[in-house]
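Order as written gives the chain letters A, B, C, D and E; numbering starts at 1 within each chain.
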């Protein structure tokens, strides 16, 4: 028998955890809840150990040739953390109950979910949808996480949020919203009994404090230490600095590009801004060179990524372009909305100022910022980014398609192409169509991409298996059940 | 208690035996900052908002690796700390000064009117003052800032809205006692109208209190402003405000970039110190009972 | 000079209290407030100290117990009390004397009682400290003391706080505190100024009664000539930090020797007299530090002589100022020398008053 | 002859903070002042003298009763309508330090009534009037430029008198104008007041503790005790032949330096002054009165004219 | 006495009302809360439904009435970010803040009183100057700066103390010092001046005249009286300490209500901001009321 779980690992988190994250049915479309979900829940199909859409609770997937049905067979003897059996009913229940990000899209495409027997469940689509697994089976939505039907019906949604039960490796032990979450290894997990008995997730808002905490060994993981703090962590003996390979790009949305009165409606101005920013310098300063300079809103690692021409930092030409556009003395570019924890806003603002584009920085906390972005009421420039997994198409749907959940772009040509590709089953054609979209984006200067962000993870000396990059596209450390504490620590 | 010296057995009356040079030093400090604030454009060696990432984290000139051109070093974006401090003085003093003045004028006027007229006006105003004073200034300011959003003008309005109540309370209680003073009674007997009494008899007599209060308040206001910046609801970046510099500099603290926090903190402390020294001094100075007879 | 002073008080043996040439200055010694103050007081007698506000009466009282406020320093002289030189004693020894042998009553009975302590505590702590009584008996004694100052229901009063008593009652409590350790000398600094006339008379009667009973000496400070005339054996008239006249009550009020004393008495309205014809003293008293050379009263004195402006007179045997101090004559008198020769006045021998005035003092040879 | 100022059955009760009780500072007081006359008001501390002064100056509305000036009721008169009264009635208060606005020059303080009055005067005319007023109180004209803190108490009181006189009023209310002054200065001010009264035919309401001083300046003396007027009558008579037991006790308590020790030997006042918050039943003086009878305890005597006096006592007939 | 009680309570109620009204109106100024509560792109029908659910379809006065009624029942709305009743969040964090403030209170009072008394007793000596200089510096030092310097020194340089979070006693040290610093400087000054005033009072003079020992004079007569204004201020400060802790709690990641407010601001979580602010005010008004009533019951002079 495997050794009983032992010891405690503690995280110093950069984001505030909340009980709304407990319910994958309400996944907001950001990466944050994954932090808990990987511990608490398990999905039919999900990114797992090297596979972006790996089977987890299911051990078999049958796909019909017409691309209309997907049948999952669950592993036998699955149990929730309270000991209840996990069956196909729960899978269907979870899907039907799902109302988080992408729910509408998913439900529009899925005609029916049928429970064939306690271990088999069949998804029937209305029309062929090549991205079904990308949506259902990755973390682009949270629909594949399986929740206990019986329990939820018993305690209700509110009750569930207070005492959530899942099928994941760790059971919630105690939580103080916004402060600390405690998890305990579950003995019912199918994959294995976790190595570490307790996980503690602590929200430490201030990055300097996070660094101090890990230096003193108060936490074993510290996330998002950038700039000077990252350098200091790198210098500190015993600490390991890593970056998660995640498809996160930071790019600036020209929120006012369709406002005739705004200078941003002029593509020349947008181009000028593009070449006024020295991406490399920013990478070095903020991410210790760990990030990648970026020229597209789509991450390079994503399927259907098209490699755009790289703009060259050239402030002189930027000034010239501005003059040509009728702004020889620069102009007032409104706000630059950013996420407060962000490292890029200030240097970008400064580079823009250099060529005469004056913008005012407007930082808000990450969650608030995302919310504002999604509300689409912002003007001027919006520095945003996305770590949502998926492929180029899902990204484009979100950020580029007219009416996309975070899209400030309204481009009919692009919309047409996006519609076409979404029904295209031929991969090559689809690749071409998506490349076309990305070309248009680049030509029409719809965005100002800056960096592919580095999610810096600092691990302390006690950590054995740190879980960094073990789950594809997951910025956090996981799978939690695989983490270990170094012996003798 | 045998260790007590004889002087402890007969403690000194609170005579003003303070070192006379102190107010001059305070004035000098404030003067230097004022000059910095006014002449920032000419004095500052660099544009405070201009980043040069290649020059990040230069230490002060006298430390190894420092450069004379960046006397107090540079921050995480390579901006000159000294220039930021100089421009920061402008924000601190302007935001602080203006809000203290606005709060003072408003609070004094309301305090005089409430104290002298009494009645419903007094009741309404004082209940408002009570209620508003019940909010800790920083919390109230944060709340207002969250409501109206950050900008320098908003900040002035916020700070004035938070601090006028203090003047109103103090001035009112002073007016209540002045109102019972014989010279006010005699002015009534002489036939002076209420507005005349308020303007000519009460105002000049509470002016000192208000001025002293203002200097003492200047310190709190500057600290509050810095705290707001620190919490991210103050002057929006990249305006070089001291509080903001501290907040940014905190990240460098752990990495040993002490100059990013030590200098702005020192500036705030010096200004506040100078303001409160001047306040103390003015209080002694303006108190006619302490003025030498000629 | 001290013999002369002693001779006034009529004591041949050593007096209880004797002050010699005492000087006090404020502001670390810069502003002289008392200078050349000398007097003595025999056991069981009462000395009244009168003078206008600011002439140094309270400073004198504080100097007597060696408790000058900060900034004030003794610039000279000595104080002898009960055979010991107070001015040479260390603080600890003085502490044993204060409250025990010398007690004091202050002007404002409300502010001199601790608002947070019960009356009983404030009285009892004196006998606990000086008579080494245990707490219980100290409280018993406190009750007796309250009864002796004729406070009704003393047992209940002990448990009350100062603010619950009226002004007159508080002053009686202050009296009880003063008497708690049976002092030999009681210094009362304007104890009745804050009291109403009817209450004042009651209190003064009480004090005199207690004095008769316990035999302590008293230095009674006031600016009210009427009070002094009624309760004191001897009087010291102070002006600008000096004693300008010292003598028995009868002498000073019947035959004042100093023009200031005389003028003060004359300026008081009498029943039946109408305002408009009161004999006012012109000018105003000097502030400390303003006094220049010469007699401090010279600027206001109707009989001022050139010499008065040059040198300050000392306290010497004097004749009565047998002068018309009518204000109409004052100005003419001021410019011309005094008509009558002081030495020739027959009353000189009978008086035992000393005055600091060039005009009225008996020349040394005449005295001899 | 109609009275210049008349208080008719005036009562002033102050509420006591936080309780239902009131301070009966003044109760049923009637008093009139004839033109050119000095009415002296005496009584112990807290007996209501200053309250009377404030009421007479219309700084306060009485709880009940009315104030009449030159035969006309001032009840409810406010604002501009009060101007004639304000010009005619001025005041000097006890504390010479509190009476002058420390922020105004002496000249400005003295000119204050001129500015508030309806007289339209040029600056130079005003300066002239100020100089006149200063001369009247025997102060040099150049003090107009100075500030109050540069003056002694006596000088300030002169300034206060100058201000009171600048509008040439017919009545001046003097609330303890000499109490805060040094003994040697009191006679100066009393003389000055008497002289000014002669010159301008002023009426005074003169309040003081100092009984001989009140006697010296008053034509009529009114004796207050615990908010009530116990005896009113010609000055000479009251001082020498008091009718009310309290008046007798009060005058007997005066200690004079005359050396006869008469008061000392005769007077034995008893008890404590009554408190206006909680006045005794019946005659308020009865607990201290050596002659009190049973009736005094239960029934409050009414003010009655007895000879040239108005007395409030059951025993005086 | 009863009347005094009623007026004081009456004033407090009116103040509470004005406070609530202020907070209510200011929050409404920020715009329609539905848009913050709904997922982006919600339909007009959804918005209308939510508005009805939240009672936003009523007029302002009616809304205010509901707000007050709900608040009286302890319902302060639901946190947008945490999706749970704000009052639960608040109560969860309150003990942490109270503990921090309580310790800071004790430390600041002890230090302030001790130094203040010493400064007064040794007035105008080197000791006095040193204490006053430190106090002045303390008043001028922004708390977050002090906190940073402490972290720099004790956590970074010396590695003695944990830099953040709650846990053992060591976690308390720096937050308590930082939070208490300003207050202890204030108490120091107040104690000194109050002590000097009392020392020059007549009753202390009389206590000396009684020949009492210096220790008795100082403790029994002077200190007892001098400490009253300091304690009064401190009682009121105890609550404002809880609230002034925003900066300190944020700096040291202390899970109290100060940080709750900070997070509320960061997340634009208006129900949280509104509730924290309102409850701060309520606490202060209530404590002031209590202090008033208590002091009227305790101080023999105020008793009526």
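Everything below uses one rule, namely that a residue touches a chain if its C-beta (ideal position, glycine included) is under 8 Å from a C-beta of that chain, and two chains touch if they have at least 3 such contacts.
For reference, the UniProt names are B, E = ABC transporter permease; C = ABC transporter ATP-binding protein; D = ATP-binding cassette domain-containing protein.
Source: prediction; values computed, not measured.
Peer 1: How many steps does it take, at the fewest, to get from subunit A to subunit E if each step moves to a chain that touches the one before?
Peer 2: Between subunit A and subunit E, the shortest chain-hopping route counts 1.
Peer 1: When every step has to jump to a touching chain, what is the lowest number of steps that links subunit C to subunit E?
Peer 2: 1
Peer 1: I need the common contact partners of subunit B and subunit C, sorted by label.
Peer 2: Of all the chains present, those in contact with both subunit B and subunit C are D, E.
Peer 1: Starting from the Cα centroid of subunit A, hunt down the chain whose centroid lies farthest away.
Peer 2: Ranked by distance of C-alpha centres from subunit A, the top chain is C.
Peer 1: Is the C-beta contact count larger for B-E or for A-B?
Peer 2: B-E is joined by more C-beta pairs in contact.
Peer 1: Measure off the straight-line distance from the CA centroid of subunit C to the CA centroid of subunit D, and report it in whole Å.
Peer 2: 32
Peer 1: Measure off the straight-line distance from the CA centroid of subunit A to the CA centroid of subunit D, and report it in whole Å.
Peer 2: Their C-alpha centroids are separated by 88 Å.
Peer 1: In whole angstrom, how far does the Cα centroid of subunit D sit from the Cα centroid of subunit E?
Peer 2: Going by mean C-alpha positions, subunit D sits 51 Å from subunit E.
Peer 1: What whole-Å value do you get for the distance between subunit B and subunit D if each is reduced to the mean of its CA atoms?
Peer 2: Inter-chain centre distance comes to 49 Å.
Peer 1: Give me the residue numbers in subunit B that touch at least two other chains, ranges are fine.
Peer 2: 9-13, 15, 232, 250, 253-254, 256, 293, in rising order.
Peer 1: Tell me, which residues of subunit C touch at least two other chains?
Peer 2: 67, 69-70 - these are the residues of subunit C that touch more than one other chain.
Peer 1: Indicate the residues of subunit A shared as contacts by at least two other chains.
Peer 2: Correct list: 206, 208, 212, 340.
Peer 1: Across the complex, what residues on subunit B touch subunit D?
Peer 2: Residue positions touching the partner: 181-183, 185-193, 196, 200-201, 204-205, 288, 291, 293-294.
Peer 1: Which residues, counting only subunit D, touch subunit C once they are in their complex?
Peer 2: 44-45, 152, 154-155, 182-188, 190-191, 193-195, 198, 209, 211-213, 215-217, 236, 239-240, 249-250, 253-259, 261, 263-264, 267-270, 272-273, 275
Peer 1: Considering only the defined contacts, which subunit A positions touch subunit E in the complex?
Peer 2: 16, 18-20, 161, 176-180, 202-206, 208-209, 212-213, 216, 218, 340, 364-365, 367-368, 371-372, 374-376, 403, 405
Peer 1: Which part of subunit B faces subunit A closely enough to touch in the complex?
Peer 2: Touching subunit A: residues 49-51, 53-54, 56-57, 76-79, 232, 236-238, 250-257 of subunit B.
Peer 1: Under the touch definition given earlier, write down the residues of subunit A that touch subunit B in their complex.
Peer 2: Its residues touching subunit B are 206-208, 211-212, 215, 227-229, 231-232, 235, 278, 281-282, 284-285, 340, 346-347, 349-351, 353-354, 360-363.
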